[in-house]
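Next, two complexes with chain A in common: one pairs it with chain B, the other with chain C.
And then the complex of A and B:
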C-alpha cells in the first residue's frame, strides 16, 4: 500500500467556530494507482489533498493517521513535514500558473530549490532536460522568466518541477480547470505518462471534472460535504454507482446522443449544507431521495465488494 | 530596446518643456512685480524711486511683451543663463543655487538613504517577529503620519529649547565663517543633527511600514506557498520575498532622491537651514521671478532625471519590464 489514511479529520478555524471540512476519512491508494477525487465545490476535496502535504492554519489537525510507504507522515507538524515534501510527497497546486517566482529565471529558481533541499542541480540537470522533452517544453525555458511562458507552459513546467525527485505520491489539485479542453486532455495524459515511467508512484487527482477522471483515473473517490461517499474503480463508479449521491452526480452528466434541448439535464435538487454546523448523521440526508431513520447516524465507509467502498445505510441494508 | 528608450526620452523632453513653461508662467500670475518689492525695501524718495523703477524694469526686460519675455527666457536658458536675483541683487541665480545645493545634499542624502536602508531592514524583520511587529508598526504609523515640520518643531523645542543640547537655527554658528577646520565641521554637524533627525524619523516610519506590508504580501503569495509545499527552507522563501518586495521600495527611493534638489521646504524653514527650500520661500516672498524659476528648474530636472534612472534600473532588476518593451 502506498498511501494509507485513517480517520483523518481536519477543521478550519474561523471566528464563528470550526468548519468541519473533513470528517473521518479512511482510504488507501495502492502503488501505481491514479485515484480521482471528485465532488462539488466546498466538499472538502482540496482540504483532503492539502492536509496530506501542507496543513497550515487556519487548517487545524484534529485526528488521524497517514502513512506513506509504511512510514508515518507527521502532517500536523509543518516543520517535520519538510523532510517528506518534494521527496516523498509532492503537489501540483491549483495556482500552477502563478507558482513560480516572477523575478527569477526558471533554471536558476529550480537550482536554488534543489540545492536548498541538498540535491545537486548539476546531477539532476540531464534528467530535468529529459523530462522537459517529455512534456514538449524547449530547454530554453530554463533561461526564461515565468512571464515569458504561456499558461499551459507554466503548468507543464510546474508538473516537471514538482515531480523531479520522484515522489511516492503526487497530489494534482484542479490542474486542468484553467485549461481549454484540448490542453486538458494533453495534460491529463502527461500525468498518466509520469506514472507509467515511474516518476511518481501513485497519484491523487483532485477535480470536479469527472470526464477527465474517466479518461485517466484507475479509481474514483466521491466526497460530499466533508464525508467520503464512495470509492471504487472508475468503471464501477461511472456505470454501477451505489451511493445515491454518486448516482445523481453521474446522472447529471450530459450523455452522448441525448438532445438536451428536448430532455432537460437532470440536476441534484437542494444545495450542500454549511459545514460550520453540519447536520448530524449522513450529511447527504436532506437531499437524498432514499433517506430513512437510520440516516441520523453517520454511515461507516464499508467495503461492500472488493475495492468498492460505500457509506450509505440503504446500501448496507439491501446488501445484508 | 532603443525604441523603448527613445520613446521614453521623448516623453521626458515633452514633460520638461511643459513643466518649465508652467514654471515660467506661475510667478508672473502673482500680483505686483519683483522691482516694486525690491524698491520697497530701499525706502527711497518717491521721485528717485520712479527713476530707479523704470531703470530696473528695462534692465530686467520686464517692459517687453510677455511672448518676447518667454522666448528670451528659453534663449537664455540654452545659454545656461538663469538671470539675476532681485532679492539678493545683484547675485546671479545660478550662484545662489550653487551655494544652497550642497546644504540640501548634505541634509537629505544621508536622511533618505539611511532611513531607506534602516526602514527596509527593520520592516522586513518586523514582518516575521511578532513583538517587533507590535511595537514597530504603531510607531511607524505615528512617525510617517507626523508632518515634517511638526516633528521638527517638537525636536527643536525638546532638544533645543528645553534640553539645550542642540542649536535650533542655521547651518553653522553665527560667529563662524565657512572654512575647512575641525571647529567648523563639528559645528556644522552639530547644527545638522536636528534637521537630519526630523527627516530621518518621518521617512524611516514610511519605509518600515511599506516594507513590512510588502513582505507580508509576498510571503502570502502563491509562489511562496508553492515553495513551502516543496519543503524549501524559510531562508530561500524570505530571500525571494525580500527581493520582490524591494521593487516598489526602489521606485520610492528614486522618487525621493529626485525631489532632493527641492530641499526639505518645511524642515529648512523651521531650522532656517540655507538649502533650496529656504531659498524658494524667500524667492516667493520677494516675488523674485528669476530665483523662483531657477529653483524650480532644478527641481524639475532632478525629478525627471531620477524617474529616467528608475526606468533604467527597473529594466535591470525586474524582468517583467523587459518583456513589456518588446510587446508594445
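And then the complex of A and C:
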C-alpha cells in the first residue's frame, strides 16, 4: 500500500468558527495507482490534497493518520514534513503557471531547490534534460526566465520540477483546467507517462472534470461537502455508480452525441451546504431523492464490493 | 437575423504600434432567427472578440455586422439604444460582473432607469418578477441581496434575467457556464434552450467545450487563430469533421463514452505568426499539407449540404 489515510479530519479556523472542510476521510492508494479525486468547488478535494503535504494555517489538523510506504507522515508538523516534501511526496499546484520564481532563470532556480534538499544539480542535470525532452521542452528553457515561457510550457516545467526526485506520491491539483483541449490531452497523457516510467509511484489527480479522469485514472473518488461519497474503479464510477450523488453528477454531464432536443439532461436541485455549520448526518441528505430518516446519522464509508466503497445508507439497506 | 460579412479585427501591437495582430480575419457566418449557433475555439481564437464586436464593445476593422438587415456600426444615439433593446450579452465570470459594494439587483434598476424611465412601480415589479421566474429564480429568495450572498449559478441567471427584461431577440452568451459547477451548469444550459423554444430567442453560444456546443446548438462555427476553419450543422461537424484542426480537436476532447485514441498532439510551433497561407499550416500533419498551403490561404468552400470547410484538400 503506497498511501493509507485513516480518519483524516481537517478544519479551517475562521473568526466565526471552524469550517468543517474534511471529515473522517479513510482511503488508500495502491502502488502504481492513478486516483482521480473529483467533486464540485468547495467539496474539500483541494483541502484533502494539500493537507497531505502542506497543512498550513488557517488549516487545522483535527485527527487522523497518514502513512506513506509504511512510514507515518507527520502532516501536522510543518518542520518534520520537510524531510518528506519533494522527496517522498510532491505536488503540482493549481497555480503551477505562477509557481516559479520570476527573478531567477529556471536552471538557477532548479539548482537552488535541489540544493535545499542537499541534492547536487550537476549530478541531476542529465536526468533533468532527459525529462525535458519527454515533455517536449527544449533544454534552452533552463537559461530562460519564467516570463519567456507560455502558460502550457510553464506548467510542463513545473511537472518536471515536482517529480525530479521520483516521489512516491504526486498530487496534481487541477492542472488541466486552465489549458486548451489539445494541450490538456498532452499534459494528461504526460502524467500517465510519468507513472509508467516510474518517476512517481502513485498519483492523486484532483479535478472537477470527470471526463479527463475517465481518460487517465485507474480509480475515481467522489467527494461531497467534505465527506467521501464513493470510490471505485473508473469503469464502475462512470457506468455503474451506487451513491445517489455520483449518479446525478454523472447523469448531468453533457456528452458528445447528446442533444438537448432529443435527450434533456437534469441537474441536481439545490446547492451544497455551508460547511461552517453543516447539517448532521449525510451532508447530501437535503438534495438526495432517496433520503430517509436513517440519513440523520453519518453513513460509514464501506466496501460493498472489492475495491468499491460507498457511503450511503440506502445502498447498505438494499445490499443487506 | 444576425449576419457577419467578412469581419476582421486588427490590433496594433508593439512599442509604437508598428506590428499588427490579426485577432479575427475575414469571418462570415449568420445566426438565423430562433436558432442557437455555437462559436467554438481555443483560447486566442478570437471568439470573444467576435462576441464583443456584435455587442459594439469593440470596433470592427473591416467588414460588416448586420442585424435584421441594418449595419450595426452605423447606429447612433436612439437607434443604438434600440439595438441594445434587442441584443444583449452575458459573460463568463458572473462574480466580476457585479459591483460588490451594491446589492446585486442594482443591475435591474440600471436597466429601468435607462430603458423604462416612465414605467410605474407596479408594472415594473410585475415585469421583473416574470423575468426572474423565467430564469427559474424565486424573487423572494434572491432580491435585495449582495452578490456574495448568491451562488454563481444564481448570479448568472440574474444576468440572463436582466437581458430578458428588454424583450431581446438575440443573446451573446460568452462562456457563460464555464465558471459554474457541474451540478448547476446543466440547468443554465437547459434554461437557454428553453428560452430559445419559448421566446424564439437567437443565441450565439461561445464556448471552448465541444460537448456543450453539441448539446445545445444545431449549427457550429469552428475558429482557429481568428479564421473560420469549418462550419455547418453540429451533426456533420461532429460525425464527419474534415479540417485537420477539427479532427484533432474532436480526438482530443475528453469523452465519457470513449477513451482517447493514440493521436499525437503537436505541442511545438504554436507560437509563430502566420500572415499568408493556411493558419493551421505549422500544426498540420506533414502528410496532409502541401507547399501551396504555405502561400495561399484556402477559402471556405461548401463540401456538402450545410457543411463548409477551409482546407486546400477540399478545394475543387
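By our rule, the second predicted complex is superposed on the first by the 315 of 320 C-alpha atoms of A that agree within 3 Å, B and C clash if a C-alpha of one lies under 4 Å from a C-alpha of the other, contacts with A are read in each partner's own complex, and residues count from 1 in each chain.
Keep this in mind: contacts are C-beta pairs under 8 Å (C-beta built on N, C-alpha and C of every residue); 3 or more make two chains touch, one makes a residue touch a chain.
Keep in mind the model is a prediction, meaning the values are calculated, not measured.
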Which superposed partner A:294 touches (first chain B, second chain C, both, neither): neither
First, second, both or neither for A:215, with chain B first and chain C second: second
First (chain B), second (chain C), both or neither touched by A:247: neither
First, second, both or neither for A:259, with chain B first and chain C second: second
First, second, both or neither for A:285, with chain B first and chain C second: neither
Contacts of A:108 with chain B and chain C, given as first, second, both or neither: neither
Residue contacts on chain A - larger count, chain B or chain C: C
First (chain B), second (chain C), both or neither touched by A:82: first
Touching residues on chain A, where the partner in the complex is chain C: 40-41, 136, 150, 152, 180-186, 188-189, 208-212, 214-215, 238, 248-250, 252-261, 264-268, 271
Touch list for chain B against partner chain A, complex: 221-223, 225-233, 235-236, 240, 243-244, 247, 317-320, 323
List of chain C residues in touch with chain A within their complex: 42-43, 151, 153, 181-187, 189-190, 193, 208, 210-212, 214-216, 234, 238, 248-250, 252-257, 259-260, 265, 267-268, 270-271
In the complex, chain A residues that touch chain B: 53-54, 56, 81-87, 90-91, 93, 95, 98-105, 112-113, 116-117, 145, 147-148, 158, 161-162
